[in-house]
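Chain naming follows the written order as A, B, C, D and E, and within any one chain the residues start at number 1.
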Amino acid sequence: MKTYQVPQEIQDANTLEQKLELLKHIGRSFSVFRIDCGSCNGCEIEIFAAITPLWDPERFGFKLVANPRHADILLCTGPVTRQMYYPLLRAYEATPDPKIVVALGACGVSGGIFYDAYSVLSGIDKIIPVDAYIPGCPPHPASIIYGLTTALGVMEQKLQKVSFEHDGDLPPLVEDSVLGNTLFERDLLVQAKKLMSYVFGRKLFDKYISALTQSGNTKDAKATKISITEAMRVEDDPRYAECMGILHNEIYTQYVSCEEEDKIELHRVKWGAK
Amino acid sequence: MMKLLDISKKYGEITHKYPFEPYKVCENFRGKPAYIFDLCIGCAACGIACPSNAITVQLNDNQSKLIWEFDCGRCIFCGRCDEVCPTGAIKLSEEFELAVKFDKSALIQRGELDVQYCTTCKKPFSAKRLVKYSFDCLSKANVSEKRLEEAKEYLCMCPTCKKTATVATFTSGKEMVIE
Amino acid sequence: MKCDKFIEALSTRVKVLEVTRQCEDQVTALVELNDLPEAVRFLYYDMGGYLTTMVPNDERSINKHYALYYALSMEGGKMFEGDEIAQDEKCFVTIKTLISPDSLVFPSVTPLVPACVWYEREAYDMFGLVAEGLPDKRRLVLSDDWPDNLFPLRKDAMDYRYRPDMKDHYMEPEYEFLRPEGSGIIDVPLGPLHITADEPGHFRLFCDGDTIIDADYRLFYQHRGMEKLAENRMNYDQMGYLAERVCGICGYAHAIACIEAAEKAINLEIPARAQAIRVICSEIERLHSHLLNIGLACEVTGNYNAFMHIFRIREYSMKLAELVTGGRKTYGNVVMGGLRRDITGVEIKESLRILHIIETQVDEVWDAVMDDKRQMSRWKGVGILDKQVARDFSPVGPNIRGSGIKRDTRYDHPYDFFKQIQFDVAVVEGGDVFAREMVRYMELKSSVSIIRQCFELMPQTAIIVDPTFHVKPENYALAYVEAPRGENVHWIMQGSAQKVFRWRCRAATYNNWPSLRFQFRGNNLADAALIVCSLDPCYSCTERVTVVDIKSKKSKILTHSDLKNFARTQKESPLKDLR
Amino acid sequence: MQIIYTLFLLASLLSIFLYKKPLLAQKVGFGLASLISLYATLFFFSNLGETMTWKLPGNFISSPLFRLDSIEMFFSFLVSLIAFAVSLFSFDYAKFYEKKANLAVFASLFNAFILSMLLVIASDNVFSFMLLWEVMTLISALLILINDGKDASKNVMIYLGIAQIGAFCLMVALLIMASFAGSFEFSKFADLNIGFGMSITLFVLLLIGLGSKAGMFPFHVWLPIAYCQCPSNASALMSGVMIKVALFAFIKFSLLLPQFAWFGYILLFMGALSCIFGIIYALASNDYKASIAYSSCENVGIIFLGLGGAFYGLGIHSPLIALMGFIAAFFHILNHAVFKSLLFMLSGNVFTATKTRDMDALGGLHKKMPITSIIFFVAAISICALPPLNGFASEWVIYKTMVMGGMDEGIASRFFFTLSIIALSITGAMAIMAFSKMYGSVFLGIARDTKCVEEAKEVSFIRLVPLALLASLCVGIGIFMKDVIGMLSKIVLTLIPQTSQSVYGLISMPLIIMIMLLCAIIPFVFLYLLKANHKAVRVTEPWACGFLYNKNMQIGSNSFTGDIKKALSFILRYEQEIKIDGYFSKAVYTQKAHDLFWDKLYAPVIHSIMVIADKIGIFQNGRTNLYAAYILIYLCLVLIFGYYYL
Amino acid sequence: MDFFYLLIQLVSAIVVAPLFDGISRKLRAKFQSRVGPSIFQTYLDLLKLLKRGRTKSHSTSYIYQISPYLLFVSAAAMFCALPIVYGAHSAFLSQFSDILVLLYLGALFRFIFIVAGIDTANPYAGVSASREGTLGFYTEEVAVICLVVVMMGAGSTNLSFITTLIQEGHYGYAIPSFSVAATAFLWVMYVETGRKPYDLAEAEQELQEGVLGEYCGKDLAIIDVAILLKQFTMLGFFLVIFIPWRFDNPMLSLITFLAEVGFLYVMGVFIDNFGPRFTINNGIKRTMLFALSIASTSLALYIMGI
């Protein structure tokens, strides 16, 4: 698809040397013009959040300007929708040379989730040359501050391309099961995730397994009940406590033969109330 | 006016020193997905789950390696990859300082995994690690030795050959190999 | 049952060909093409309905026709006290009609119900369906350089990745504005790159000096083609994330509306804890969105100090979101059947602390702002939305509540956990900027109390149901969520293979835009940005539309792998569609 | 001296004789006019301060005497100076009217007009003055008619109507004065023995009679109508000098009356009203020529303020204030003649290039007509009284006069003088708006109506020469203001009895210029020291918020003043109307700024006259026997009247 | 020698003005609970602008090119008209220090500003130009009424003369009309500095900085300095008439003057930082009427001879 060709005049005035020269001048005072090329607004709001008292980039001489003619840095967000293509170019041309273009957010960097839809052009760098990329969806205000300071050379870039090419011998990936059947762990983890999501579910899983191993004999339903109940009692967080009980009642009982009384009674106790 | 002045006085200066002091995000912040190559088995679950297709798992040109590639620039930090990864090879970190200058390729992480060739048709179909992992799982899941043997053979076949083999098994009157 | 009353009344007016029920409070009535305007008008004005959404659909693969669905929320006209339908009778009635692919013409409803204007303009853009008698036939959604005879949402129109060539940038075709006739007028462009509008949208203000004579606008700068994208590239689990990126401010409301539409279509009930957390997150979103808007309403008038302090407080709400969901803006925790992230006790404790901070500090700053006579003079009497205009255009959210009409989806059609929660609907008379900001402030307070109630009432259940449900092709349903700006309505018709057949996402602002022109008139140029801001517009919301499906070769390696069982259980949802 | 008048007469006759060859007549007529007026300029200039008399040979109605005293000489100089520039300008410009009128007539009338003005100034006798005054009015009316437009006859009738009211008042005043003096010779009018009441009455009559001609408020309504109607060279002459002739006559006659401070107050009051209303209407107008015309009213007001000071000074026997006042008034008369005729000629250039007078259609003319534009810029700065040009110089003297007047103890004087200062400063603020708007919307930006502007091109050299001449006069008078004031004070001193005062404490224009130049160096020094980036400016589209730029986006003359018109709607009667039909249609917007005095004063009068005329029309129905009956009735009445009284 | 001092007066104002701007920015940030820029930020901003490239719209003409210099010249000349380092004793220079010269140089500034705005053909610049003119209309009369009282009371339009008069106690606050005029005049001068809530012509949110919006690079830097100078002149105008502190040593009086003006400028933050901007149609009119009535009172007092 035919897109914008940067005119020779602008290209000549935007060589790398000139940009580095510019960075020297704007190190302590830089004006930023925001261009929203059809982003979802999230990045804009985070830019707004970044200029608030908590972050205050004015410390470094940051200034949000209303007009591209005053700008040193163009902060572009969004996947460049078809409609924003023309305004983007107008703003780009209206900005004095040399200029720094920063692509912000997943969409700005590469089109993000919209990268192949019919009415986006997927990323600022498909249209105009981009000098710095700040990924994030949307980027955290700290991330924006970091990105801008990095672009200006105040901070060092942390990310480098990482490539693992040597596929060596594998360590054993599967740990031994506490009950001698990995299906137990599998079901346990699935249930834990269902109860408390993947983030906390894994923690719950760990807590449960460690409580289970505390009991000495993991296959003894009575012993495990005691150790799980104890673990639930000392647990600060009522949610974890309750969920450990649920796990025990629902999964453990399937793998170890249990009586009804071996289940933990959950509704009688207010957990984590201490 | 006086009220606002009072408020300013009351709360003082609250600006965080960042970037001159490190900033601490909340626990479980959804930051950059960290890739632990050693744990990756090349199952491509993350690639399928990823809503923005930031993770791609593809064979390289000469079909010798399975390339796992993650483009941080396209990532929307939803954490689906973390959620679906069976081995924990990809986990959301709390890292948020992701900006790069001039060269966009610094946003890319990639891993090359050896390919498993199909025992029957010699075509590549999966990562070696995946096959090994599958076998390990089966071997620790109370599966009988005999079945394990059968599974091992079966695991090293590509889907097409597997289909053929299954058809052959059925026609020969044997039972399904796997539970 | 619910809704029957309306269908009966409707059948006395027009011939109802067929009635289908989607769920308890949603009914669709098929009418003949020529009866369409009368049917919609009857329900809208005579029976007290508000236009919720209108969905054009390409159903040629199902019934060889294009279909139009006019969904009306039956809740009463609400123009005066008591003009409201009883709480247990409120429901959604959808008027459906079929259009033959040979004619592609349908009678326009707009002359009778002005609220339909944008929907019918969009129907032409996306499907090529011509509304006969539509007073405003300009392009709405697609860019001006889009080829004339390409209608992207038709199933057979094009690949979702097809991008027609761009023009040279100085050759951009010009949009035709409704420029007032007469001389001595200056066209002031506001946007797409304007400092007060954080998103692109072009408002053409026709001014004499500082007075706005009339205004017109060209929006949809953020048309990203999401609907197409969703129909092609995405499965249900990915759609939630796409829906969340419909908008960066009220994204979460979109995400739940979208997922709930899919859930409603198959009558899937999610666990109560998940419901509560959805409500908590959406109320957190309301907190930061309203704080944002009040802050911006100060900022566009030049009151930086108040802006800065309000944004300082807003950071607490962002912190709250970060704490509860792991992300400041995109919460990313909705999946079909429930949630992806739980809230534990530690977080609840911390959240309650932050809520207390927000509550007290908001009061302080609001008091200070209310004390400022200058600020009040900038807000009061500016950008008045007349009550009758509001009735005619079905705006939503604080926009209509500021005009004294008590419309709130949480109250009219309580969804999720709202059935168990007590709250007051904030309604302020006046219709000016001040009234709208006042509504926002009151909602801020009620949001805090809703979140507290949710924390208290949240049951200890799982947060997701077993992934054993099946989607049913051609089922459709409407889901509605009261986002900070008003109700977001998503309509999903399910398709086969884990994909949607048609996803219609109607953002709150979409209903608010058409009446904006009448709010501009007669105000000052200085107030233009303020008026736009007080609408709390979400450009990107309005301009969504399109998503896609790619996943291809790479996944096939796995598809038939031996790990089927492992995959199914351990990685629940992502691999479901691989079966 | 007589030779000048004769030459003008000859030139006029010669041009009319070339009736058959209009183009030649134009060349000859205007060429001669410029030569003669150049000679006249030099002649009058060299004789400034001298006195000359001249009697018309023969016994033509009480043998009119013509007399040039120092102020007459000054005004004659002014007339011939402007006449020189304008006729040089017309040499090429008049061609534009080739199709509309016979150029020979035009040239002839032009010469006759200059002649009539010179003679009015010189006449020293009530009869000849009134006669010439009417001739001048008539010729100017004919000049207006040269440009045969839609409402030409109606517009001329308005002009003539107001001129007749004025002439009537003037005549009454002069006759009363003559009856007091017992002579029709002006030289016998001195030291009239008139009481306060009668003086005031006469003064007011004179003010109405001559003020109406000068375009004083509320008789300003004819200004835009007549000036917009007539060719620009004629309006340049009319506004540049005809108004000054009226002012001259006013000064001359009112000085003949016994002096009272109230003369000053009346003048200050009328001047303040004139300048405020004049500039408000100039500001509200979207027609550049009308706007310039209205600003004549404003400037006449300013001159009246100066005169007010002078008359007040005379009234309270304070020669210093009187001196300052007269200097201020004369200085401003000179300046106004220069820049106003310059502006009218420039407007002629714009009109011939674009064929439109609507500022909302123009724009971007600088690129087509750079020299006209730059001269316009100078003229605009000058008329806005901005330093360091001549407008500032004269207004400064006026301010100075008023401060001196306002320092007196009397409450009345303080009141009138302070109010006048305030009026003057408001006028200044609005003049800036009016002329920056005019300059901006005509010459800057981009064309609003491309059709009009596209074909515009710079006018010929010969037309630019007089413009450049006047522009350099604007600058020159500004710089050498001390010398000009010195010259003026010599002339003015003849008007004031007990002439011992001299002007002191004047602002030094060269100092201002010097300091401004000094300041101008500073940015360059800083730019050099700090090594600024001097790279060439890259040209892009105007920034319209990212949207496609369109020419309607630049501010037009109407909406530029939208706010101020709204704020002043109690005077301007700025009416805005928005018609909206349904939710989805285009709005229809109409706005109009009315002239309050036209609406409230003139329109009803004209309307009632029309009604009365209609009613009278009943008698005039064309039947012969009815007319015979009228004659019979008349005869009977005369007979009865004669019978009883004779 | 006087000329030399005048040059020092001008240059030192140019050099010092950004510092006070920086201080007021810092103070503003403190009110907003944040750190804010360093107090030298304005210098850095201006220096950066000098180094930047420039773009302009194709509609512009020579006015665009010369207007920064013209604006600077008029603002600088206005500043020179303030008798700080020279006084009535310097017969030559004190001629220049005239209230009317100052007012009309201000008018020249406004004229150039308006013309420059229209020249860019930018809608916001145009509206900004219109507002500048309208604002001038509102402020001029109040300013002049106050000045009339002073001029007539002191009997001269010459600033250095008036200053001397007031300093020597022949004229001043003992006269009610003078002290009443002072309050109204302070209001006008604050409006003339073009800071919030009266920054209508350059309002960032509404007009995207109006006329300044189309200027960039060194042009913008010059205009910025010109505007700073104008703000200083306006505050200085008030000080010179109503709080004249002058010493025999020109440098001493210059330093005290700059400190005074800077103090006023920084104190402006208390108005500038709180509350929103006015609208041109109502807000200004209302506050103007208030100031106008004060000014008229002082005028009435003067007319009655009090």
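In this text, a contact is a pair of C-beta atoms (placed from the backbone, for glycine too) under 8 Å apart; a residue touches a chain by one contact, two chains touch by 3 or more.
All figures in this text were calculated on a predicted structure; none of them were measured in a lab.
Looking at chain C and chain E, the chains in contact with each of them are A, B, D.
Steps from chain A to chain D, minimised over paths through touching chains, total 1. Of all chains, the one whose mean C-alpha position sits at the greatest distance from that of chain B is D.
Counting C-beta pairs in contact across B-E and across C-D gives the higher total for C-D.
Between the CA-based centres of chain A and chain B the separation comes to 15 Å, rounded to the whole angstrom. Taking each chain's centre as the average of its CA atoms, chain D and chain E sit 35 Å apart.
Between chain A and chain E the centroid-to-centroid distance comes to 50 Å (mean Cα coordinates, whole Å). Centres computed as Cα averages put chain B at a distance of 34 Å from chain C. Along chain D, residues 535, 538, 540-541, 543-548, 553-555, 559-564, 566 each make contact with two or more other chains. Chain contacts: chain A has residues 13, 35, 52-54, 56, 59, 65-69, 86-87, 90-91, 93-94, 96-97, 112-113, 137, 140, 193, 198-199 touching two or more partner chains. The residues of chain B that reach two or more other chains are 1, 4, 8, 11, 13-15, 25, 28, 51-53, 76-79, 83, 137, listed in rising order. The complete set of chain-chain contacts reads A-B, A-C, A-D, A-E, B-C, B-E, C-D, C-E, D-E. Interface residues of chain B facing chain E in the complex, by the touch rule stated above, are 1, 4-5, 8, 11-15.
Contacts from chain C toward chain B in the complex involve residues 234, 237-238, 241-242, 245, 305-306, 309, 312, 319, 322-323, 326-327, 330, 332, 340, 364-365, 367-368, 371-372, 550-551, 553-563, 565-567, 570-571, 573-575, 578.
Per the touch definition, chain D reaches chain A in the complex via residues 535, 538, 540-541, 543, 546-548. Across the interface of their complex, chain E is touched by residues 186-189, 194-196, 207, 209-211, 298-305, 308-309, 312, 372, 374-375, 377-378, 524-529 of chain C. Considering their complex, residues 53-56, 59, 106, 109-113, 115, 125, 130-137, 139-140, 142-143, 145-147, 149-151, 154-155, 157-165, 167, 170-174, 176-177, 180-183, 193, 198-199 of chain A touch chain B.
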